[in-house]
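Everything on this sheet refers to the single structure shown next.
Labels run A, B, C, D, E, F, G and H following the written order; every chain starts at residue 1.
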Amino acid sequence: MNHIDIDRERCKSCGLCIDVCNKHLLEFSKDLNSHGYHPVELRNPEKCSACSLCGIVCPEGGVQVYKEIRDKTR
Amino acid sequence: MNHIDIDRERCKSCGLCIDVCNKHLLEFSKDLNSHGYHPVELRNPEKCSACSLCGIVCPEGGVQVYKEIRDKTR
Amino acid sequence: MTETLAFGRTPLLTHNYMHYCPGCTHGVAHRLVAEVIDEMGIQDRTIGVSPVGCAVLAYNYIDVDFIEAAHGRAPAAATGLRRTLPPDRYIFAYQGDGDLASIGMAEIVHAANRGEKLTIIFVNNAIYGMTGGQMAPTTLPGMKTTTSPGGRDVAQTGHPIRVCELLDTLVAPVFIARGSLSSAKNTIKAKKLLRQAFDLQHQGFTFVELLSTCPTGWGLSPTDSLAWLDRNMLPFFPTKTFREPGAMPEHTAAYHPDLKVRD
Amino acid sequence: MTETLAFGRTPLLTHNYMHYCPGCTHGVAHRLVAEVIDEMGIQDRTIGVSPVGCAVLAYNYIDVDFIEAAHGRAPAAATGLRRTLPPDRYIFAYQGDGDLASIGMAEIVHAANRGEKLTIIFVNNAIYGMTGGQMAPTTLPGMKTTTSPGGRDVAQTGHPIRVCELLDTLVAPVFIARGSLSSAKNTIKAKKLLRQAFDLQHQGFTFVELLSTCPTGWGLSPTDSLAWLDRNMLPFFPTKTFREPGAMPEHTAAYHPDLKVRD
Amino acid sequence: MAYHDVVMAGFGGQGLMAIGKLLAKAAMDEGRHVTWLPSYGPEMRGGTANCVVVVDDEPIGSPSVEHAQAAIVMNRPSLDKFEDTLATGGLLVINTSLIAEPVHRADLTTVLVPANDIAEAEGSPKAANMVMLGAYVAHCGVVSAASIEHAIEVSYVGAKKAYGEANLRAFRRGLAS
Amino acid sequence: MAYHDVVMAGFGGQGLMAIGKLLAKAAMDEGRHVTWLPSYGPEMRGGTANCVVVVDDEPIGSPSVEHAQAAIVMNRPSLDKFEDTLATGGLLVINTSLIAEPVHRADLTTVLVPANDIAEAEGSPKAANMVMLGAYVAHCGVVSAASIEHAIEVSYVGAKKAYGEANLRAFRRGLAS
Amino acid sequence: MPSQKQLMKGAEAIAEAAIRAGCRHFFGYPITPQNEIPEYMSKRLPEVGGVYLQAESEVASINMIFGGASTGARVLTSSSSPGVSLMSEGASYLVGAELPAVIVNIMRGGPGLGDIAPSQSDWSMMTKGWGHGDKRYISLCPATVQEAVDMMSLAFDLAEKYRNPVVLLGDGLLGQMMEPVIFPALSEIAPEQSWAARGKLATRPRVIVRSLYLDPAELERHVDHLYDKFARMEREEPRAETWMCDDEPPVLVCAFGTVARIAKTAIGKLRGEGLRVGLWRPMTAWPFPVESLQKAAATSDRLLSIEMNKGQMVEDIRAVIGHDKPVGFWGRSGGMVPTVDEMMNAIRGQFANA
Amino acid sequence: MPSQKQLMKGAEAIAEAAIRAGCRHFFGYPITPQNEIPEYMSKRLPEVGGVYLQAESEVASINMIFGGASTGARVLTSSSSPGVSLMSEGASYLVGAELPAVIVNIMRGGPGLGDIAPSQSDWSMMTKGWGHGDKRYISLCPATVQEAVDMMSLAFDLAEKYRNPVVLLGDGLLGQMMEPVIFPALSEIAPEQSWAARGKLATRPRVIVRSLYLDPAELERHVDHLYDKFARMEREEPRAETWMCDDEPPVLVCAFGTVARIAKTAIGKLRGEGLRVGLWRPMTAWPFPVESLQKAAATSDRLLSIEMNKGQMVEDIRAVIGHDKPVGFWGRSGGMVPTVDEMMNAIRGQFANA
């Protein structure tokens, strides 16, 4: 399954990734991180296209995007 | 008669007026002024057209040009 | 089922937590620079020059040797590096619009004019971020800042300076381009410009302006800031490549410098 | 038989003996400025700013109130005058190419960009006259000076800076022109440019570059210097009017500054 | 109370500077000497920030303070920083909406205020700072509540009036907490 | 001659600096201590200029001099300036090609040299300065003529060799004058 | 109308005080910790018909000041340490051309970029080395926001009295803190100086504002003239405060600016402990109040200079005291503000030494 | 190969000496009376594989020096008073970032544009106030062209020893005069400093050359570290000469640079008249040679400082001597060079006073 990995401590709740994800998969967490921000979380990983846009816009370099590799022989 | 008036003490013998006078009326004097330059002198005033070119190029503002006013009734 | 890293954090970014405000695109610009250096494999040959401005701490984040220049003087300091280091080094300076276009105008014009073999990254956010949002030379007409409380009055303070256009009148530069960090698409393009500049650096002076946001100084949310940039900065600061190697400003090509005064 | 003064010495020139070298066209430029002020009848409302350069003593020769600025800072000092004096005053600064295009690059760009209501007279003789003939930013490629003994090497020091072209990228200026003092004909034209600039000064920033000679620095006779100027400077520094009121650089007209950030 | 000092600390943006100024203004209006001194980190936004207010009947010497008599802390890092430095027997007002940690020092008077919760309940989520100020004034008494209320009234005028009223309500909730 | 100083003055461009350097070089080659100090007006070209050369067997203190022991003057303003300041009994070498005025002081040894005329006659109109130097050396003897001739030879080499030879001739004409 | 008491940041109060003193023209460039001065000016000056102009740099600021002062206007610029460094050349030009102007330096930690925290480490630069050549500047050192306000009109008056630049020397603490303050009434000053370059008049000789005197003899005369003014400043302008000195305390603390007020707290507490300590505070860094110091020191056994730097004013104190009695130094640098407790310890140490 | 004796202008000799000392990079901007330095460099450096670069201003020069020094290269700039003023900020940055570099100041008359004649009026700026913050520079003051040559390699060595900028402080007289001079052999210095920014190596921690320490506690530690270096300089680097002092003369003349050599002539003549006068000459303006002065002054009754300014070094002398004995001052300013005669008169006056 595609998914993204958000560095909770780096996230500053700027919301740029939320805005750019055209699948609308990202939301602020209710919890605060130690810097006082509500880090972003991925809601429905199964819908993630691993398009990387969230990573490209994140000013904190806080997002890594993983793409599932399907076995081509299948 | 047209003529020009050269401020001997201002003249620095740069020769720009000599060069610009297309009637070739200007020459360096043999004498030095108090600054050590050979000031320019007008040789044949009768040929001067009062074109003012010598005055326009003189960096010292050292040339004044006088034009004869002929009586138009004559 | 295996997975691959589609988008990862370049190792050229250190682990330090960045001091930038939420949504500030300085962070994006940093990442792009780090990625380019990483991809070119020149980390050990690259020296950065940080500005005085919000990016003064750039050395905390980009993992190459760094020097910190006085306000506006990064092009001079970078010149000092270039003229003393072996030619294989890559040298970049990172400057804000106050740093580069205000106090540092003489230094950037002259480094460009000398054709210093540098890459200058000009992060234009139309404001003095670090000092609390004062008017910059690139502040837009009518834009409110802490020193233009009624909006920039062009009759008193003039219009924004377009640095790319200005530098494009000089003969020596080999690459001058303006990009924008206002969207993912533009960010990808901006990275290409940075890569071009670094690739061309050993041929001469290279310059990349990046239109950037300052949500804090602008008093807008990060997302609104991106939209504001697109709507208001782009019409006056068109994104394009102004100079590529071989191109020359008007009147220059026809001119054959072969004269000598005195022998 | 009576006679009339076809060409006289303007009373705006003082009686002081000028310290310039024989044939130096600084003297011509001084005279033109004095004549323009005289013809406009604004002697009592004009304040000059002298540079640091051979023309530092301009105040000894042109009979108006004067201030003497630090090297390169005449546009800033003139700004100080403009912003504190009644608006009817005429303010001009007279600067050399080292003064204006080297150390003073930031100040001239910013005064121009702010649209300061000034006339800047830029006497470009492609060399540092006063200090003994060092390379200037406007020194021509290959030209020998005391600090480019092998001729200006464009690979190391770049090409001459064309200041008119550079300033012409800014929005605010209302008049930018380049003239030459290389002949009587050009001198007459140059005076017209100066007059235009003074006439337009209360509308905004006005700038006249005058290509000028430095026989001493160039190591040529005064007459050879004029010819050298024509042959070598003109191809790179075309004489023309770059900006007139109403004209604007590309992209500017289309731009409508009506935005506000924060209310 | 002749001499009093208090430090107010939290994340940038939590409004600590503003309540410090209100306190200072109130003290000034009561005819006291007063200083207000801010301190910021390198961040323009976010990060931690604090201010110190000193009130005295005499002209004030140092506007900065090593061991404050009171502290208003609105986030965890500020608690860590200021709990240790408070003067013996000092007053510590803590925003429990954001700080779960217990206070270790036993010699302090500790006031626990769920300021964000109270402010949200009041319909003014941004006024948690005012709740804290209210609680502080209630327990410390360096100035009268009326002086603070007056300071709020004159500080938020014109377009900010509605905002001032919300602040006033939050302050009163804090006073009563 | 243990200590000697001389001032050389004239219009800028008359080559005073150059003959001062030749004297200094000759003195150095003779193993003496020497200083050479120029002085210019505001003009880049023209105006007056002078240099002072001090020669001594001891290390030299002041490179500038109030009352010189000798003067080479090549124009009128320099005569006006330096005649008065010369030390009692000093040596004054005057270029009579350009200076018609008489010398007023009776206590000086005055050497009159029509330097420009001699140089022109010699076919090197620009070498009037060398003529003056020759006359000075002949009357003063601070260095030997041979040392000056050597200095001229090594100073004008390559493309300037012909120029050096003309200078040498002019210098010798001065010596003999 | 003098205003009623207001709570105001030092930096803003300084700006308002300048306006009250008749300043209508400000040229400056942002730098922390004094941005509130230009920001306040940008808002307030247009309201009173004045001009705020953001310069492209501090080099430009000081040269705009040069131009503005040349017309006789009351002009102001402000900056902090690195920016003030950049003004060195221009400051020397102001002295040379005999132009009045006021420059505010809200000092921060150095050298180099340093930090943005309060410091007093430009004492030596401002009193001795600011720019080249033989030159001097009057420097006023307020300790409170109210004093800064009061000194602002004094600064303009002195600048005009002597036709010389005057410095208001504060630190980040003074610039950033708020205190209650009362302002004098707004005054309008018409620039009617006979030496001002405003256009050639038939009624006076032509004005040339310059610092070039190519003839060394003439320059020397000019410098002598400047030094006559400096000597007069040294006679007429030293200002200092002594505090808690009536009982001729054996230990005399010397401190200026905000450090002096912290020292007052410390001294007050030490007095509570029974230790006899007094304070001497120069209110002018230059001219250094030599006589006042001599008088205050005469009855004490030892002096201790306390500064927010590595020991700068102490050099001037030692120059005055000579070897007559010990002059100690204690300070914090790099933006560290001395605490009352550590200051008390440092002062106690003087008694231990005695 | 050490060269044979050559007749050379001071300014050119300084340039050649820098090259001999391993300097291959010069950045500078023309200004009289030191143009011969850049001019010489522009010709000579390319011959030895070095780089001459004309900067756009002195502000750019000092910042190019900053970049060049960051790579460990031996870098030089030179200027004269107004240009050196403009370098103030950058100089402070060099200290803060601990960079070695050599700056030549060939002083001219000031303040402002002043004139182009010899002067010593930047003593105070260079020793106390050059730039903001707590900082120090070693300043070497040669009196002869040969000494300037010798001090040039010392300057580079000291700069590297302490990682701090070093100033060669000359005056227009020194720069413009010709004297015979012998040069040391040409040396090549490879920039292999561990602290140099030349590209990140696996073998050492990443290099960051900076002067910003945002945490005041950290900046204070850094400044303390700088002051440890300054204290070491004060112990190890003061240099001075005493002359004609063996017979413990009652009058001690103090002079530096070219004034000291003129003073030697004057003293020599006065000795001829039977007056017992000695000379004390600091060869380092900072660190000021306190011990040497104390020693020389110990046996004299009165001191007279002679300077080409309005009295700057005399302040340092008075700080050392205190009230122990009279310290007089006599000088010329504005570019006037003291003559031997008037100097003799001034010194004679000391005997009259006695």
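A few remarks follow.
Following the convention adopted for this analysis, contacts are C-beta pairs under 8 Å (C-beta built on N, C-alpha and C of every residue); 3 or more make two chains touch, one makes a residue touch a chain.
The structure presented is a predicted model; accordingly, all values stated were derived computationally and were not measured.
Following the contact convention of this document, D is the list of chains adjacent to both subunit B and subunit F.
A count of C-beta contacts for the chain pairs A-E and A-C puts A-C on top.
Rounded to a whole number, the gap between the C-alpha centres of subunit A and subunit F is 87 angstrom. A separation of 60 Å divides the Cα centre of subunit C from that of subunit F.
Rounded to whole angstrom units, the spacing between the C-alpha centres of subunit D and subunit F is 42. Among the residues of subunit H, those touching two or more other chains are numbered 53, 56-57, 59, 82, 89, 93, 97, 112-113, 210-212, 214. Residue positions 20-22, 56-57, 68, 70, 102-103, 105-106, 109-110, 114, 130, 132, 137, 156-157, 215 of subunit C are each in touch with at least two other chains.
Within subunit E, residues 41-42, 46-47 each touch two or more of the remaining chains.
Chain pairs that touch one another: A-C, A-E, B-D, B-F, C-D, C-E, C-G, C-H, D-F, D-G, D-H, E-G, F-H, G-H. Those residues of subunit A whose C-beta lies close enough to touch subunit C in the complex are 1-3, 9-10, 12-16, 19-20, 35, 37, 50, 52-53, 55-70. Of all the residues in subunit D, the ones that touch subunit C in their complex are 102-106, 109-110, 113-115, 137, 140-145, 151, 154-159, 161-162, 165-166, 168-172, 218-220, 228, 231-232, 235-236, 238, 249-252, 254-255, 257-263.
The residues of subunit G lying in touch with subunit E in their complex are 5, 7, 144, 173, 176-180, 258, 261-266, 268, 337, 339-341.
For subunit D in complex with subunit G, the touching residues are 43-47, 49-50, 56-57, 59, 63-70, 73, 76-85, 89, 106-107, 109-110, 114. Per the touch definition, subunit D reaches subunit H in the complex via residues 52, 56, 68, 70-72, 98, 102-103, 105, 128, 130-132, 134-135, 137, 146-150, 156-157.
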